[in-house]
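One chain, chain A, links the two complexes that follow: it is found with chain B in the first and with chain C in the second.
Showing the complex of A and B:
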């Protein structure tokens, strides 16, 4: 009994320590490696040099990643939120609910490279769009909808189902209840899910390779421009053996960006508590 | 002369294929407390929830008729029905706002004038005896109240839309003796103004507060009547057995 207890406890502590050490380890490693490369110019300039990427910076890639990430977060977040609200509060038919849930889980389990291929087939080949910001955004949106919807569904169920019915029992309609009670109540979880969704989109490489990320491009002016993206740039830098130093720098920028977005979402979610 | 506010006619409720309530016919008297008792799973909560059609929000399907002041509730706008027939749940449900905002949540939706909101809050908090306890802290988060206070807030909030009938589903089962006594006394006060229907597992509670009692089993009403008669001289064998069982 005692021994079991000790083993169990130490196992918990060790797992906790491993998680913390690995997280900080990765972060500090890239911080250490990247900080030498990351200067103001690195952030604000386009890649240059021969071969391309050995000099200059990653500005267009930052903008490309931000734009595609935020846009798909916006569309996917809205669609995901609506899906989860439908599932939790409007779908009284248990069977339909089950089918939709299975569909979402299936979609969430599809490897991202396949989502990329799907985006390429439908958007580029089928609809004749060029490789562009919009194709990337739509592909990423498809990828993150189930991711966001499933998380939000869980949050809504946990925070608001009873309160929702309580509000209805006061004679207040569903729509008003959702806007004035459910969403403010679950805002924290909604924002965290959204943040994770955006980060997931910004980190994805496979889906954007086929649909719009290119080796060199400017900051996109319109939706139909091709983009640079940090993960793809990173991939090219390493894969073509262009510059491992610059790759560390790029990785560092990506990590910081992702961290910032998570923090911002967290702050918006906790706005009322402040 | 009894005045009847609510009457059910062959009320049946089912969840999918599962029939829960089978032909419930009964009356509820105005300004009385009616207690619904019966073994777990017999359909008490389902019955209560069907009286303001919240059962439909859980996926239940209702058949038969329910008359509220001689109007079939199926023909009433849902909003009016639910304003007239308020509901309090087993676990206290407070919205994650301040006490004040909990109280004005519904009146605000129904377009009460700003000047009147304060009065509504104070009047209804007083009815539940909560006002003196929280009058200096109306801006406090309602979730910081104790369990008993939260339940009284839930009742007060239900009163803000001026219901005629209040449905309570085991409102004291999560509370201690003192808070339970508090709520019981309050209900005895409230019945002068409202009609109260309460589900309870606690026979002595039914004895303390109820005028009428309905005993249910397996989705049907087995016996109903005046509290004293029911508890002292039950007619039906099943009622007798249940009362015996609960007393031991």
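Showing the complex of A and C:
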């Protein structure tokens, strides 16, 4: 074996092992550190202690994150689905299609902190909304529309074109075909994209820092209530040096929540196949 | 009746599509519009090539140069770390590990992409920064180096998934032919596969780079955030951190506020340039191997 091959071989083995160790290391680290902190009370209680956050739990933050994530997922998902269906099946003008696609890709590339800046000046300063669930939801929606639309477009394009054309030539209307044939076929990928979108929204910190997340709030009852959010809570705990223990717990809850939503969406998507 | 439904469906879809397009364009033009006052007032030489960032002093000076350099520095560092590791790992997963095992490992690496960046920032703070302080005898562990290492871990999924996909394709195309010609496994990987995948690896790295440039929370938490010229073991600030840290304190419609929007605009321009290059390279590559 030549010396070049040996170098190549060792490079691949070493980098492969490093990546695998680091990846599992990150997960195991939070699992190990978090499992000691997370109890039923931690999940079901509001933060307490002095300074705030040193005791108690993260229940309002979980609810705040879930509500804002799911709401923006709902709005963003619907708009994203409409956009992708329009792009794939209804847009007859190739030029318009190209422009729309470029615009979506442009927004998908904009860092989330700029969306936060936009949301802050337009919603909070410009329109005079309170820091609230609705301002967070709208900001996150703007952020995830291109993210979801581009993924759903890919999913719709990968469905069978033959089936679609057969259905049309049988005289079945286009809309009916899309609802009853195309969407069920692509459901798996549509749900996965939606799940990724919700997870993306729930994990975002920069956009919500100034648009609505506050340090302490109850579970929101209406759209204009301020909310707590897990990622922002974690950031405050760490940045103000309030409690590293509680931060481990919060990180653990956030990771588990994110993975759970991914799994649920995956499950719903696969349900039709069975 | 059917006809009626059909029209409603078409209208709903079209309205949804138009609504999202308007939103998208609104964001972009709003950013452009809000940064105009700053662009008009301050000469481009000052904010691109000036020395210091002190927007609130009595004689304010606005220079994004330290932040631009900081952003590029930490992103290049991350790419320099993730490039050998990511490519090596993609080879490792596609050629040396059983298919079922590599699937599991890949899905775990993919899951890294779903972890919110604030958690990575926390991880960097309690593990990497602490390690630097204890073992490298530094006053503060917050540095560009830590930011780069942390970013490189966050980029794993974007680099490895794409590269592994390309290598799978290449394996289907050339691997068996090359084996039956009696070429050794390692030579096939080193020469044939590497040159086959070179283009798409480059595109993946560029896209990862544009992600690194826009990353906010993780980098902000471990880099110390001082608007000074970046050094490897010193503090620095990136453009996204600048925006995130100062957007709460800038007075509405002041020049400082407009400057922050300009910073955002510069960030978008950097990302657009990178994505444009990636798009062109990708087009060239797909032509070459047809």
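Rule of thumb we're sticking to: the second predicted complex is superposed on the first by the 248 of 274 C-alpha atoms of A that agree within 3 Å, B and C clash if a C-alpha of one lies under 4 Å from a C-alpha of the other, contacts with A are read in each partner's own complex, and residues count from 1 in each chain.
The rule we apply is simple: contacts are C-beta pairs under 8 Å (C-beta built on N, C-alpha and C of every residue); 3 or more make two chains touch, one makes a residue touch a chain.
Since this is a predicted model, take the numbers as computed values, not measurements.
Colleague: Would you sort A:173 into first (chain B), second (chain C), both or neither based on which partner it touches?
Modeller: After superposition on chain A, A:173 lies in contact with both partners, chain B and chain C.
Colleague: In the overlay, answer first, second, both or neither for which of chain B and chain C A:265 touches.
Modeller: neither
Colleague: Hey, is it chain B or chain C that touches more of chain A?
Modeller: Touching more of chain A: C.
Colleague: With the two structures laid over each other on chain A, which partner does A:196 touch: chain B (first), chain C (second), both, or neither?
Modeller: So A:196 only meets chain C here.
Colleague: Applying the touch criterion given at the start, work out whether A:209 contacts chain B, chain C, both or neither, answering first, second, both or neither.
Modeller: A:209 contacts chain C only, not chain B.
Colleague: Please write out, lowest number first, the residues of chain A touched by both chain B and chain C across the two complexes.
Modeller: 173, 176
Colleague: What residues of chain A sit close enough to touch chain B in their complex?
Modeller: Going by the criterion above, the answer is residues 92-94, 162-163, 165-173, 176, 180-181, 184-185.
Colleague: Sort out for me which residues of chain A touch chain C in the complex.
Modeller: So the residues of chain A in touch with chain C come to 1, 4-5, 8-9, 11-20, 22-24, 26-27, 29-30, 78-83, 85-87, 90-91, 100, 103-107, 109-118, 120-122, 125, 142, 145-146, 149, 173-176, 178-179, 196, 199, 202-206, 209-210, 231-232, 234-235, 238-239, 244, 247, 251, 254-255, 258-259, 262.
Colleague: Where on chain C does chain A make contact in their complex?
Modeller: 2-3, 5-6, 9-10, 12-17, 19-21, 23-25, 27-28, 30-31, 34, 84-89, 91-93, 95-97, 105, 108-109, 111-112, 114-119, 121-123, 125-127, 153, 156, 160, 184, 186-187, 189-190, 210, 213-217, 221, 240, 243-244, 247-248, 252, 257, 260-261, 264, 267-268, 271-272, 275
Colleague: Which of the residues in chain B end up touching chain A in this complex?
Modeller: By the definition above, chain B touches chain A via 16, 52, 54, 56-59, 78-83, 86-87, 89, 91, 93, 95-96, 105-106, 109-110, 154, 157-158, 161.
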